[in-house]
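Labels run A, B, C and D following the written order; every chain starts at residue 1.
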Amino acid sequence: MTTRQQSTALCAPLEIEDFGVQPMEDASPPKWHLAHTTWFFETFLLKPFAKDYQCYHKHFEHLFNSYYNGVGTPFPRPRRGDLSRPTVKEVMAYRSYVEEHMLDLIDEAAHPRNAAVRNQQHENLSQAIYTRVVLGIHHEQQHQELLLTDLKYNFGHNPLFPPYCPLLRDATQDPPDTQIFQQYNGGMCRIGASPNAVDFCFDNEAPAHRVFVHPFALADRLVTNGEYLAFVEDGGYQRSELWLSEGWVKLLESQWQAPLYWTKQGDQWYEYRLDGLHPLRLELPVVHVSAFEALAYAAWRGMRLPTEFEWEVAAQQQDVQGNFMEAKFFHPQAAQVPGTCPDTSGERRSADRNNKPHQALDQLYGEVWQWTCSSYAPYPGYQPLPGTLGEYNGKFMSSQLVLRGASCATPATHARQTYRNFFYPPDRWQFSGIRLAQDV
Amino acid sequence: MTTRQQSTALCAPLEIEDFGVQPMEDASPPKWHLAHTTWFFETFLLKPFAKDYQCYHKHFEHLFNSYYNGVGTPFPRPRRGDLSRPTVKEVMAYRSYVEEHMLDLIDEAAHPRNAAVRNQQHENLSQAIYTRVVLGIHHEQQHQELLLTDLKYNFGHNPLFPPYCPLLRDATQDPPDTQIFQQYNGGMCRIGASPNAVDFCFDNEAPAHRVFVHPFALADRLVTNGEYLAFVEDGGYQRSELWLSEGWVKLLESQWQAPLYWTKQGDQWYEYRLDGLHPLRLELPVVHVSAFEALAYAAWRGMRLPTEFEWEVAAQQQDVQGNFMEAKFFHPQAAQVPGTCPDTSGERRSADRNNKPHQALDQLYGEVWQWTCSSYAPYPGYQPLPGTLGEYNGKFMSSQLVLRGASCATPATHARQTYRNFFYPPDRWQFSGIRLAQDV
Amino acid sequence: MTTRQQSTALCAPLEIEDFGVQPMEDASPPKWHLAHTTWFFETFLLKPFAKDYQCYHKHFEHLFNSYYNGVGTPFPRPRRGDLSRPTVKEVMAYRSYVEEHMLDLIDEAAHPRNAAVRNQQHENLSQAIYTRVVLGIHHEQQHQELLLTDLKYNFGHNPLFPPYCPLLRDATQDPPDTQIFQQYNGGMCRIGASPNAVDFCFDNEAPAHRVFVHPFALADRLVTNGEYLAFVEDGGYQRSELWLSEGWVKLLESQWQAPLYWTKQGDQWYEYRLDGLHPLRLELPVVHVSAFEALAYAAWRGMRLPTEFEWEVAAQQQDVQGNFMEAKFFHPQAAQVPGTCPDTSGERRSADRNNKPHQALDQLYGEVWQWTCSSYAPYPGYQPLPGTLGEYNGKFMSSQLVLRGASCATPATHARQTYRNFFYPPDRWQFSGIRLAQDV
Amino acid sequence: MTTRQQSTALCAPLEIEDFGVQPMEDASPPKWHLAHTTWFFETFLLKPFAKDYQCYHKHFEHLFNSYYNGVGTPFPRPRRGDLSRPTVKEVMAYRSYVEEHMLDLIDEAAHPRNAAVRNQQHENLSQAIYTRVVLGIHHEQQHQELLLTDLKYNFGHNPLFPPYCPLLRDATQDPPDTQIFQQYNGGMCRIGASPNAVDFCFDNEAPAHRVFVHPFALADRLVTNGEYLAFVEDGGYQRSELWLSEGWVKLLESQWQAPLYWTKQGDQWYEYRLDGLHPLRLELPVVHVSAFEALAYAAWRGMRLPTEFEWEVAAQQQDVQGNFMEAKFFHPQAAQVPGTCPDTSGERRSADRNNKPHQALDQLYGEVWQWTCSSYAPYPGYQPLPGTLGEYNGKFMSSQLVLRGASCATPATHARQTYRNFFYPPDRWQFSGIRLAQDV
């Protein structure tokens, strides 16, 4: 229930008015996120497993279904912002009702009142309930990040630029050192996860399988605003030869001039962050760029983006740590200035003889999602979840690219080495940034 | 200030969530209506006339400008629903601030502290202030009606169909008698209004001028749901020969099958009214039809819609009375059953020898706006208001049709004989209905 | 059959490739015009009246139906340019086949082989056939003008700017004198036509009826390119206050900077005419302006456009003469320099005491259609033709404006005082121009 | 020059009218293909290498540039069908002019008149010219296939369904045997091509590199119309669970019910082929399906599509042979009935111990392009051609899928093992079909 409380805690700074706004088709209102994650538990946990469960409201199944065609017709996505009713209060009541029944169900599964059912069948049922609960928690964590990105889209497009959180950084730091490219030998590598009883993973991360990876090098930190600004000022948004054809069309259509939340007033660039609108801080990682922009930037540098396999191979050397949602920064932080960073690379160095970097990569997790050049496709032998839950991931495997890592809006326990996030190449309202790669 | 209070009173049944929703491009959120009408007074009254007036908020000029290009760039209309900030509370504070300064200004105009200014110049200034105040009041009355129609669009498209007001009618009445067509001789008629110091009119109602009107006849009451249902059931929405070409294209595009708030469940038609979703009441006037539907219905009946001149000539015989906003029905009522209606026609009968009806027309005002077949065009000699206020009416004089009368959502003091309402032929979210006409 | 030959004669300068192009949705390919006018005779004349008539091709009814829903489903208008088959040769064969049967039918109607049928029934039939033939001829004349305007749209948007006819004017003339505004008293005027056995008119010109017209004045000639250029150079396309709201939106969307066929190369304006691309000739009438542009220009001059009634009242004083299609100029000519114009105004002066101008209006017919500010609406007592032919005019009576006069692309016998042409306010690919009006 | 003649030979059955039609945005008119392939030689061969070359026409650079931003602004793609000029004759003259200069240039390169230039510099120049000529030939071959697919789109959407070639098959054959799945061991495989002086390849096929491929099985023939019809009749187009999310949206939008050229009349399915509209032949391969349809079909069968690597590994065992453009069938042929097929598998069997099939795959080349599930992405170490020619392939590497093989509209010398064709998942106007794959 910690995750459930986390969702409502994230909404503490909001006014009632903020809960209903859907500022673009892809971004949902906070209220909708709160209700949909509840609907998910109701639909996939309580309805099939809770005995005599009474559905909270006959219309909610339709209203808060996101895209599961197997559960009736979803309410049209672009109209989510039109629902002034149910109110926030009513949605909170819906949350409470479902949580109460979840607790009952979990309790019953753990301690059946009827001792006679303490048998294998019960074991199986308990396992099924546990699986669904864990899936629902990870589902809710995804929506916590979306709630933040969607809210940022709302606030960042309101001429009043309201802050969501208090001012977090008031002094410019030194820019980080020049990027260093860590080399990896590649070779036959194990990629992906094997579902097991202990560690959760989504179906799209499985099965674990072997991939042959060519030698490669990855930048030891993310691209900064300052580095990206040099691209902008060099005419990066006017030079078609740097862009994919679809990217160039999108740029012209949407009149892109810079990353999503940058605005220029006179000669000064500003960036809207969740703590308000502030002059652009050059040392911070660039964030809210589309894959098209990431690819054009890499082309301008004469480099490329990593494949998702390269990223995962590099990440196998390192721990999962970083600036996550719980830190409440809600914005990526500057890379560690060498020497000030706690040196935990000692252990890492001996971890793998084949893929041993000279030094660890910084900012792997918890600042920005890192675009890869890998299409979001099924792994060899991929099997979607059975039934309607099979619509969770598999049906989106076209035209999208994989992002790796995790962002400052990702719950810490949601990040892992094998995690595959995915968005369309023009999308840029997520906390997405750039880590460069090179052939060796 | 009664009108100002009326606006907030209309919002009493709303939840905070309801204030922000913009369910389609043409319909604005209640909060926006409250702020825009305030902006109107601030921009056109306080800024030019109130000494040392401090603008309430530098961004509001942009945010709450509707379409006055002469006052900077308006905030994009389709995005009005995206503004969760300012909050309802902040908008109410804006209203109070502006009202306070309005009262000061009006007071000063009436009773100048400095006796020396009690001269002609002051008189002129007072007159100018008075004119703007009156214009602002009528402007706010227009937005009161829009607030209700826009809210109805929101609630009427929410699957929960929330009611705005308590249930008003619980018993079906008898259907009204067959329509009687009252004959009028027409001839040279005086149309329109002459602006004067006492009676307000919009610039588009002036100047008064002569029009030659052919003999005509008007139905003594509005078309009912029952009568319109016969058209629906006779295949009215499948027979292209009854429709204007543009209307037929719109019908196909939008898949019109019936008036806006009608829905069919099984064999039963339902209508969403501001008191909730209820079985269709056959004796009530049909409402929320577009001009295309009104014209197709008239063609099906072998009749036509009145011109705006015919309507005005007929209205010259009668008083302005009906079921207005203040009655709090918020839905058109059934026509009077003859005999139960207070007979005030005695006076009328002798009023005008040339255009004398046998009997008065019922439901002229205060139920539904009545589509005419007249294009919204300038009267001969039309002059828009000077300056930016000239954008109020004149610039919309293309492709629209005039509606006459007033509806159950119109403030009583806003209705008059010469009033010209105007909407596009496909529009149907207003309280618009049908009065039939015939040649004689 | 002269009109039929005229259609093919107009195509003499075309290459086979030119017959198939549909450069925008509203403009049809020449081949389609040739086939559709033939379809019209086949559908409305031969099928109902020619005994044992064999339809030429089963698919042509569908392919060459323009918009008559009563005759099956028309082939989608935007796809007319996709029909490489039937070929031009096949369409010409279709024309010949239909013409042959028309001649037989007309011959039979005039001289029945069976003497026994020379009775009243035959008279009626002959009259019906004659009526349809005349309607079909006027229909084909309309399409001759459209063929030229659509071809001009094609050639005028081809970067090669191919000429359709040889260069016609190679010397700039003097600009005409300042416009003089002729005054008319107005009053009760007869407007429209009474259908009779001798003079053809469309159903939308009838019935003749009385209209009360206020005193007015009309410019004695059309607005010139030079005069319009002054508007362009005064920022006419940047000043929203001069434009109707819909016009301003259209201007922004379509990035209008000048009339349709004007282009600027360096500092010089050029105009594409059917004799090629040439430097703008200031003394020629401005042509290919939308109603929005005409209205904005009039507003800039502090004047207005005439109503269609004013235009007709003025035209009642004058003969139908001008620069028509047969003159093969295919472009409007400069106004007569006073003194060089043959003075026929003597007779006119005494024609009507009530509406007597000091001097005749120049360029009334045969240069450009003149936008009026009158909406295209039914006259009082309007009756569409019975049956499917009723779709000819009536169903377009929404959102359009009336144009009066005739253009350099109109066949001479197609022009008349009571003719009502109609297009949408943003349309500008017709030969449409501006005659100014004023209140008196 | 054979290839150049081939292009015009393909147009022999066309009427002049057929050369100009662009029936949808992605399909270009035949005339445009003829001119653009000429433009390619003029721009990339003659202008840089032919001394004193005079450009044929100053406007053609703009008109016939497809998408090379590096060579000025291309003429808007959707308007290619609007160019009635230049005429077919003029385009043919353009072709002749360029061919003449090409021959001169090639002759000069081979036999320099000035003996003094027979040195290394000349060698280099000759090599560069040779490279460009070969590239231009392969480019023209691509456009020969597009010319056929675009023409088919035109004819197949004309209600007259004109045939392009004479009737080719008039007797139904037996359906082929059940599909057999040939197994391959995979492992470390060499993929792609190494550019060399002898064998041409596009930049996107290089560099050759190693890929680890899991064991797999491929169907020994293509999916037939009969097999696909079973999917259609089982509700394949109504079951969202079989489709990718984007595919389902596209299906609903475009109202897909069956492959592109299938139409149902009564109970009988018909298929438009380039030899006309005929009853659906069940034994022929299904063709003109999108990737979305191919994937849904595979899902319905419980199988999948091959990766491009799997396809290439299997193809490494076999010769490049099949039903190509030169056979003039212009439609895929039925699979060989076993026993009638010339057994050339003997040699193949011993070719590779690792990837040895029991039997060869039929229909690998020359019937239909086979959708793979591989995104079109750069191979490791991919380098686009230098300069503007780098726009040829690389900039399209987003959102597309690779197709392998070749079709009945592909010139025989254009097909090869490593060839990577690519289209968007919803595209279906190419000769694209389905070969199924399975995990082992």
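Everything below uses one rule, namely that a contact is a pair of C-beta atoms (placed from the backbone, for glycine too) under 8 Å apart; a residue touches a chain by one contact, two chains touch by 3 or more.
What you see is a predicted model; the values in this text were computed from it and never measured.
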Legend entry - Shared interface partners, meaning chains that touch chain C and chain D: none
Inset, instruction - Note down the smallest number of touching-chain steps it takes to go from chain A to chain C. - result: 2
Inset, instruction - Measure off the straight-line distance from the CA centroid of chain B to the CA centroid of chain C, and report it in whole Å. - result: 38
Inset, instruction - Using mean C-alpha positions as chain centres, tell me how far chain A is from chain B in Å, no decimals. - result: 48
Legend entry - Averaged-CA centre spacing for the pair chain D and chain B, given as whole angstrom: 61
Legend entry - Shared-contact residues (touching 2 or more other chains) in chain A: none
Inset, instruction - Report the residues of chain D in contact with chain C in the complex, numbered from low to high. - result: 15-23, 31, 59, 62-63, 75, 79, 81-88, 154-155, 157-160, 162
Legend entry - Of all residues in chain A, those that touch chain D in their complex: 67, 69-70, 188, 209-212, 214, 240-241, 243-248, 291-292, 373-375, 377-378, 380-381, 390-391, 395-399, 425, 439
